[in-house]
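Here come two complexes built around subunit A, the first alongside subunit B, the second alongside subunit C.
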Partner chain A sequence: MSRVWNETGIAQAGPDSALRRTAARALEFGRLVLASRAAVLGLLLLLAVVAVATLGRLWFPGDPWEMGGPPMLWPGEDPAHPLGTDFMGRDLATGLVSGAGVSLLIGLVSTLISAFVGVTIGALAGYYRGWVDAVLLRVIELFQTVPNFVLAVVLVAIFKPSVATAVFAIGIVSWPPTARLVRSEFLQLREREFVLAGRTIGMGHARLILTQILPNALPPVVVVSTLSIAHAIQTEAALAFLGLGDPNVMSWGTIIGIGREQVVDAWYICGLPGVAIIVTVLGFSLLGEGLNDALNPHLRRR
Partner chain B sequence: MASPLIGFLRRRLLQVVPVVFGIALLNFVILQAAPGDIVDVLAGEAGAATPEYMAQLRASFGLDQPLWVQFRQYLLNVATLDLGYSFRQNMPVFDLIVARMPATLLLMGAAIVFALALGVLLGVLSAIRVRSWLDDVLSVFVLVTYAMPTFWLGLMAIVLFSARLGWLPSGGMVDLGASHTGLALAWDVARHALLPALTLSTFYLAVYTKLVRTAMLELYGADFIRTARAKGAGELRITLAHALRNALLPLVTMVGYQVASLLSGAVLVESVFNWPGIGRLAFEAVMARDFNLLLGILLLSSILVTLINVLVDLLYAWLDPRVQLAGGGSA
Partner chain C sequence: MPLLDIRGLQTSFHTRAGTVRAVDSVDLSVARGETVALVGESGSGKSVTAYSVLRLLPRGQGAITGGSIRFDGTELTTLPEAAMRALRGNRISMIFQEPLSALNPVLSIGWQIAEAIRLHRPAGRREAWARAVDLLAQVGIPSPAQRVHDHPHQLSGGMRQRAVIAIALACEPDLLIADEPTTALDVTTQAQILDLLRTLQAERGMGLLLITHDLGVVAEVADRAAVMYAGRVVEQAPVRTLFDAPSHPYTEGLLASLAIEHLRPGTRLPEIAGTVPSLLHMPPGCAFAPRCGRAQAACHELRPALSQPGPHRVACHFPLGAGRRTPLELLGEAA
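Coming up: the complex of A and B.
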């Protein structure tokens, strides 16, 4: 690792110079990202959430559904339950730790799905244009007309609530922005000289799309996907809040849903997971903003 | 004005037809992919049912027909506004949803008005005091509001404003005990609507604040603003009559994009505040596993989004004289 670091920026001719160039570009990009205050703050918040999800497990290894103590303990009231308990005596700290893992997992996996669907549809529409574009654009418009959350509720309710259906439903409703973005990138990139050059030397459609255009279209997709993770985490929490969470998994939304009936007497049961959601979502959106600044340096400071 | 308007409406409503077809197709696909069918549900309700009786029921619902025949039948039903029957609520699905529609429209309308009014105000303030402490406070506010789950904000608002301070009712649309009429009723509904509408509006308020700020800052550098300044127009007039009027255009476009998301937000806000709209109905349908009703809500709320978008296009043409209704149609 340190060897690569020392040699950044020095473009050496050699068999591995392409690799080295990529590494140098990645490092340069990393430095730009770290120069953005938003990105650093976002990364710190996310590190904290990841630490809660992983190290927190060691601290609070219990089953979040288990009745661990007296019910309705306020935070700080009993050192054995530092964040208190809900009306069934379930430990809130254990629940929050479990929720951190669920949120990160569902956010990341559903965004992978939506990025895959969005990139595929956007790439096909932008590359082939014509009737393919017309048809796919209709599909994109359709999914942007249907209220996303209502569709997610319908999908999860009909296919039985579970982590898998939540991931699937959130992925299905959140790909259109990615598709639109990739489509417009492809529409521009396909006219560029290097694509023409690739076509001239006889590259096929698949090879042109995958090895020439796609790598150049991906950076903005990373930004959109970071924001999409934030949105997915909120959607998961909302589904679980409505009682459409996986019945075996304690997520932040589940805890808010559970605490809802007693919210007036014990607002901390709903309050704490809400703060956890805000911190996580804030982390991803700050990181997304920082990535965006690093990709478009000329747009910074507005 | 009358004839291009009618022409525009006719063209625009014709564009709605394929969208409705697409939504119906989507609904049909979900219905087909769902585990079990209506006969399984009915049989479950009734307790025991013989396989022969279930086969007979399937035939009577047309479920033994080929898929395309079923889809044609489904389209015919949608075209005649027959969305099936909700056995849980004992009412046709269409009537149930239409009865709940006004409450949702009221909530969405109030939320949009709050979001636009406050968003424009905060956006302008932050643009004319750019890089001041006020601008900084407002950008932090925007960031945190983006990250805040709407339903959580609603719960916390109930704790603070109804339970602790006792200023506003915590849920429902009217005071059930007192049977108000006329103005008293309107006041009662307004009191009940304030918290849910403000809750629903916060996210959009943040979006509009940021949007107006960016648009205003861009416009301050534009030639026509410099011209106005050179003519000797005051800063207030420049801000309001020149910059703001043009900053409103991207705002209206944004509102059009967000109608669907606003409806999604309404589902959550309505279930937090027991607001008797289609969102609350969706929540009840989820609780009762009433899938027919749920699919009807998906269908009608999507159609509602397309219709509101037509209205937004009209509004856009009215705000921006350069857009002509007789032209391309969609803005």
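Coming up: the complex of A and C.
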């Protein structure tokens, strides 16, 4: 194995060595991330949530809406329903497992949308400046002055509540911070000499934006997006709590909404999904913090 | 016909304090296979001249306001942007003073060279990559097949400048503009890079426009030199002539400040008294007159133009060197 890594080995290898270089770079990055205790803890929490969403589904494959047992069973009271049931006898363990998948899905997809919109708008504003920037900045401000959650509620209410509309609504309300961040990165980076050097070899605007500036602007976007996933999960839970979730899908927010009436008699119905949300959000926040330490060159080894 | 022929170039910048002519009435030509040095202090308009040729002046601030730039017969000042883009990096390339900031920190140098090729040539990814390795070998980077994967921060200063040169040469340009290519490097590396530029130029027969403030560099590599002062070319001559018999008092002053090996320790270093005038408040006459020991009344009133085209041109009413007296000088003596 050690022979593969020595100098001559690399010299002889063709495309295979490029693969190895990429792997080495990924390892180096992994080491940087794992150097942060926050990132390690966050990753462990998220791994647990992912395990619940995937392996847990094998354990509790039933329909979370099915009334499968006696109502208001406390956790541990009946081994058939280890986490108890709600007031209509629906199994809470099945609900929580189903909610984990929904939360992760909505968090990831809506963040992809918000990152895409934010990066596009921020890049155009920061690169072109002038009137393009002025117009786009007004659009960003417009979205920032309307309270995010109210806008999300309105969007979901206009369309039929479903997973797709929740994803869309959360994505639409959460891109402005990314756009601002990318814009400020672009404003700085466009003045760097390597951008001028790109122009001297004949690059056009699109190429300068995509190949020269964007790769340099991405690290902070990764950090913000990780935090934005956490926020999206909270927003989804809040929408579901208000009854604006997908009626066919059991999410953590839905369960909290269901348990609201019995919160004094049976706090566990609200408590368990609440803990699940806290763990997931905390996991993403810690991971974001760790990524920030690893990706931010100013903080590195100082 | 010279490869690059600049005539009466005027480039202006709009600043809050007013419009400034950073480059004024500049005549300059570079032939194929020729090295022309553009010499001057910082702010004398050398770099602005170069960026004018590439039409890369900061948008909304600087613009070419007069004159013509012909490249291989094509007028560049009026060329559409798309055609200009096809020229940059393809037929006219540029290298920079600080190689670390001229390279993209997050991309491998191989990627950056391959991209320069693929911008102008219909080459596949693999082909461009092979050519990048080839170019790195040509600019003297050892074990290029491995270095091609390196990122700029993994290379030394000299290696970075070699990589920058490889990018500039990717499409075999006819004209290479080098803006202070050795200023940021240490002395031994400087000599290597100059050597490399000279070799590459001889191999390819490129025209080389070398911008520098270092007269030592000029003496070493240039065939001809143009001296700039406050946005204008004050003297232009073959390097030997310029060093042996400068005609403009400013050139003479610059050369005098170089000849320090004959000085006795303890004596003051020779310098040109005074400072360069602000481009916002240019004197009406010769820009150098306030600092010139030979200045006379005419110098403060009338701006001297560059003398008629020829091997040795000078913009001075009273050029150094006996025998050649201008009408103004004769007038001054008569008075």
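We adopt the following convention: the second predicted complex is superposed on the first by the 270 of 302 C-alpha atoms of A that agree within 3 Å, B and C clash if a C-alpha of one lies under 4 Å from a C-alpha of the other, contacts with A are read in each partner's own complex, and residues count from 1 in each chain.
In this text, contacts are C-beta pairs under 8 Å (C-beta built on N, C-alpha and C of every residue); 3 or more make two chains touch, one makes a residue touch a chain.
It should be emphasised that the depicted structure is a prediction, and the values quoted were computed from it without experimental measurement.
Student: Is A:Thr211 touching the first partner subunit B, the second partner subunit C, both, or neither of them?
Tutor: second
Student: Kindly classify A:Gly69 by the partners it touches after superposition: subunit B alone (first), subunit C alone (second), both, or neither?
Tutor: So A:Gly69 meets neither subunit B nor subunit C here.
Student: Of the partners subunit B and subunit C, which touch A:Ala238 in the superposed model: first, second, both, neither?
Tutor: Touch status of A:Ala238: first partner only.
Student: Could you tell me if A:Pro82 is touching subunit B, subunit C, both of them or neither one (first, second, both, neither)?
Tutor: A:Pro82 contacts neither subunit B nor subunit C.
Student: Considering only the touch criterion stated at the top, classify A:Thr200 as touching first (subunit B), second (subunit C), both, or neither.
Tutor: After superposition on chain A, A:Thr200 lies in contact with subunit C alone.
Student: Could you tell me if A:Pro220 is touching subunit B, subunit C, both of them or neither one (first, second, both, neither)?
Tutor: Once the two structures are laid over each other on A, A:Pro220 reaches no partner at all.
Student: In the overlay, work out which of subunit B or subunit C sits against more residues of subunit A.
Tutor: B
Student: Do subunit B and subunit C touch any of the same residues on subunit A, and if so, which?
Tutor: none
Student: Can you name the residues of subunit A that touch subunit B in the complex?
Tutor: Going by the criterion above, the answer is residues 138-139, 141-142, 144-151, 153-155, 157-160, 230, 234, 237-238, 241-244, 256, 260, 263-264, 267, 270-271, 273-274, 277-279, 281-282, 285-286, 302.
Student: Would you mind writing out the residues of subunit B in touch with subunit A in their complex?
Tutor: Against subunit A, the touching part of subunit B is residues 18-19, 22-23, 26, 30, 33-35, 143-144, 146-152, 155-156, 158-159, 163, 170, 214, 217, 257, 260-261, 263-265, 267-268, 271, 282-283, 285-287, 289, 291, 294-295, 297-298, 301-302, 305-306, 309.
Student: Touching residues of subunit C toward subunit A in the complex: what are they?
Tutor: 54, 56, 60, 85-90, 93-94, 96, 98, 101-107, 115-116, 119-120, 143, 145-146, 149, 164, 167-168, 170
Student: Can you list the subunit A residues touching subunit C in their complex?
Tutor: So the residues of subunit A in touch with subunit C come to 10-11, 17-18, 21, 130, 192-194, 196-204, 207, 211-212, 215-216.
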